[in-house]
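Note that chain A is present in both complexes that follow, paired respectively with chain B and with chain C.
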Partner chain A sequence: MTALVDQRVVTPRLLACVQRTGAFDLASHVAVHGWPKALDLPPSRRSRLAPWAEELLTDIEDAGLTGRGGAAFPTARKLRAVLSTRRRPVVVVNAMEGEPASMKDQVLLSFAPHLVIDGAELLAAAIGAKEVLICLPDDRIEVGSVLRATLAERDRAGLLRSPVHVATPPGRYLVGEESALVDWIRGGPGLPVFRPSKGAPLTLGPCVALVHNAETLAHVALIARHGPEWFRSAGVPGAPGTCLVTLSGAVARPGVYEIEMGTPVADIIDLGDPTATPAAALVGGYGGGWIPSSAFKAPYTPSAMRELGAATGPGILVALGSASCLIAETARILGWLAAERAGQCGPCTYGLPAIAEDLAQLARGTGDRGLLRRLERRTGQIAGRGACRHPDGAVRLVQSVLRNFPSEVSEHAQGRPCASALGETPLPLGVPHWP
Partner chain B sequence: MNALRRLGTPAQRIVIDPIACDGFGYCAELLPGLITLDEWGYPIIESSLVPARLLALARLAVKECPRRAIGLATCEQPSDGYSGQQQP
Partner chain C sequence: MNPTPTIAATSSQALWYLTRASGIVALLLLTGTVVLGIVTAGRFRSANWPGFALQALHRRLAGIAIAFVGLHVLTTLMDRYVSIRWIAAVVPFTSSYRTFWVGIGTVALDLWIAVAISSVLRRWINPRHWRALHWLAYGSWPIALAHALGMGTDARLSWVQGLVGISVASVVLALGWRLHRRWSDRPPRQDPLAARRTRGDVLGANR
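And now, the complex of A and B:
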């Protein structure tokens, strides 16, 4: 595995066990992290909060933990919204990680599986969940076997508190969307579901689904042990804690790195030994945005990235080398996103392929005179009009190019594409597999 | 809004289920000030709040939609929603 953690940036938290001991079995896990006391206390009785549940919820709230799956929604608020339904929860661990440029959840589950299970078990015991369902894509066979071996190890040690199951939905991008995942668990095709209020909790038969990203639950496991002040001792006030980032593109050492929230983007890219000074970086992945190198001093936080027209998303950073054209890369990504759409909602079904085609013309410099105006109009009309946020992310990516790289855009629009746009030099995405 | 409150009618806003919608466009015909259509014929809500004078037409739009994709919701919706999306 390429470098997991770089000590220049942060003392590892999530990946501390494998980093210090080179192992991630139960004994090493307990030796490094300790065992959460709450898991030895009586769990909640059916659909009632455990006596210690409020303390855990308050700790998560005070820690300021936000979801690490992409939306950065406050974890405690999601928990309370689910509890307010008064239905019995099922804890769903979302490790679907459908973006090609993201590998952090599979690294986490491969090298710190006990921490993720601790977090899911803690929440399940606190709120009286019926079961824990860990969802990972059907094509991640190695991760699945690590996970099953880990569950068997806990079972042998008598440390499984709730029924924990592993489910393997199809590894399509959109199945990782919360409502699509719950649709699949319900026996449906795994497509996003329309909710008049986007945050409305999703039911699962008589139960309600509490869906959290795998990394979010690993943070919960550590907050339960060390408390909110400890959690906030890393990161910055508006964005506390550490997070995992998958760094790829024009770097010599692509990998999954644990960083402190608020680390300047330039410092994160430096961890991967960039092959040359990158001209731009894709922050937040396919639903994020491109930022120019002049903005690399900005802190990596959801709010700072939002101001730049990007997002932190599920922790993705791709450095753009000089051999690649940002417009051609974006056209390629939009083509992929258009192909991955569910095809349920008109604005996305027709809008994304049209925008992808516009961008392909822009990249080649073969667009008509109305191209830029059309692209502005189309990208401005789509956000918020789908059942899920898939089209919103896609147009954000395009808008970041139009906004942050006006001179490149106008050169291409005037029929003068850069040399890299015409050559086929796709950006290397993702991380080489571990040893 | 104040006038509506005095009458005891909670303000209504338009909600469109984008999965159900097939772009028949009746809603935009009936409520041109509130709904326009994009180049593929799907509705864009320009203003979701329904003024009292358009309430009857809005109810007609709800009734006439062949896909039953449009509805009216009272405005006191809890806004404590998360975006509910793992990756964007």
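And now, the complex of A and C:
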């Protein structure tokens, strides 16, 4: 797995320790990053924040840190929402990383586990949490053993401040959605739960869950050490800081790269030595979107990607080689997403398989004359109607193809044979776990 | 024979029938809403009934109930046979006609309005405040029931009494189910991770 960490990253922050020292044990971690002073201060009491904790929350707010799990929700706003419930929080570290094309959380936990635990411990102490629960999928056994060894190492050094618990939910795509993860922790099957808004608290018995992506917590650990100005010194005004990106597809050196927010997409792809200039790239994973090579000069930020019909998601870039067919790939992804659905709502249960079948027909060039209009109608009917954002992500992906690649779409719709449709897929699809 | 009074009498009668009918239907719909609300709050779900489906049904039913309550109030105000001023529909105990029974109907209405408005605005208000306001529904339902029994023209009809009996029984049953669930869940509820805690897997302070 060492090959996954590239040495030529632009701004090593999260992965600085392993890149400089080649190690990630506690001594190296403290030597490179230092020890956060706040962890030696008394933690917040149940209803009153310690002065240092108030300061940390303000710093996170000023840093403009957003969640790195996919939704880019402001981290500070999530914290404040949890505090406003007046229930005792439990910090949940979300390292589920259900996106098959994403490896950044497992790389981070494998090569900078102390930074993630620092972040979780800092937040737990800051908001007076009862304990910390780190969730990683049951099939990532190696990451789990690194994590347990790291926790034992901290425990031996007497540096664990909160009780830390490791849980291994099933490695299904949807369990990574935060309400589904909390549902699983409650003892449920791990399905998304309807919430009136993203800020609505997720209760855990008498407590409330504060769910943060593993990378988000690693950023918190660095903001606590260096402050918000330092954090903003990388990235661009609307999207500060660095982020991890999993680059794959038609590149010679696929892997996880730490980049500054706002780096042009072309420069990120260049880090992986593309075999040729890719025709298109999938940005944001299977709930993101395809952008054409003409848009590669765009900065990698949530807002710029949204404008292009894609999303940054959990930091995924898949370069599409000339031997692959964009529409066949999208049909594959839709088939996979349809299989990974929770099966709770109509839009997903009936809509996703129908759209997947439409796309498969389009890719084979066997579609009838009404195909495109049907596809547009179906994508329009599904968005925003599920209990979670699963169908919305799938629809965004399809709409990005219809919008950004009109000539490819119309050629396929006219039944022209596509040489690449049966070509090798650059996408890691994994085995659907559901139903 | 002058036809005008007959028409007036007929339309007034129609309003009167409409008031009574919409009142009974509103009560049944509110009962259904309350029962579904209790079941939703107790987090009922099964393989065929995801939790949010009940929630959605609860909300839709509440919307229909509000429409019937609105019809009930509107026809009452329009009915000239007994004159109840519009202020009596908003401010409790200001009706000169059967002050108490009309008044508690107004109390129930005001409480429902608070519950309904806070739910429409749920996205923008503090969940704790929404929850506190939603508890008003538990107070409002029995008041609405009392209004129906004390005021209702048809309250003595056996089939209406039967419906009231079924309503009370279903709310009591739902409440009993929820309390039972709460009590039987007691020990795990104290521990947020009870369902997934495995022995020896926790490290750190106070373990």
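Simple rule for what comes next: the second predicted complex is superposed on the first by the 407 of 435 C-alpha atoms of A that agree within 3 Å, B and C clash if a C-alpha of one lies under 4 Å from a C-alpha of the other, contacts with A are read in each partner's own complex, and residues count from 1 in each chain.
Going forward, contacts are C-beta pairs under 8 Å (C-beta built on N, C-alpha and C of every residue); 3 or more make two chains touch, one makes a residue touch a chain.
As the structure is a prediction and not an experimental result, all values here were calculated from the model.
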Q: Overlay done on chain A, so just call it for chain B and chain C: clash or fit.
A: clash
(Q) If we overlay the two complexes on their shared chain A, which of chain B and chain C does A:L133 touch? Say first, second, both or neither. (A) second
Q. For A:R186, is the partner it touches chain B (first), chain C (second), both, or none of the two (neither)?
A. second
Q. Where does A:G171 make contact in the superposed view: on chain B (first), on chain C (second), on both, or on neither?
A. neither
Q: State whether chain B or chain C is in contact with more residues of chain A in the superposed arrangement.
A: B
Q: Mind working out whether A:A387 is in touch with chain B, chain C, both or neither, as first, second, both or neither?
A: both
Q. Taking the superposition as given, does A:A200 touch the first partner, chain B, the second, chain C, both, or neither?
A. both
Q) Looking at the overlay, what does A:F73 touch: chain B (first), chain C (second), both, or neither? A) first
Q. Of the two partner chains, chain B (first) and chain C (second), which one does A:P353 touch, if any: first, second, both, or neither?
A. neither
Q.
After the superposition on A, what does A:Q344 contact: first (chain B), second (chain C), both or neither?
A. both
Q: Name the stretch of chain C, from among 8-16, 80-88, 98-106 or 116-124, that runs into chain B once the two structures are superposed.
A: 116-124
Q.
Output the chain A positions appearing in both contact lists, the one against chain B and the one against chain C.
A. 193-194, 196-197, 200, 344-345, 387
Q: Flag every residue of chain A that touches chain C in the complex, lowest number first.
A: 84-86, 90, 130-133, 151-152, 154-155, 160-167, 184-187, 191, 193-194, 196-197, 200-201, 204-207, 209, 344-345, 387
Q: Could you please specify the touching residues of chain A with respect to chain B in the complex?
A: 67, 69-71, 73-74, 77-78, 81, 94, 96-99, 102, 173, 176-179, 181, 193-200, 211, 213, 284-288, 311, 313-314, 344-347, 350-351, 378, 381, 385-390, 392-394, 396
(Q) Under the stated contact criterion, what part of chain B meets chain A in this complex? (A) 15, 17-23, 38-42, 44, 71, 73, 77-78, 80-88
Q: Enumerate the contact residues on chain C facing chain A in the complex.
A: 50-53, 55-56, 122-123, 126-128, 188-197, 201-207
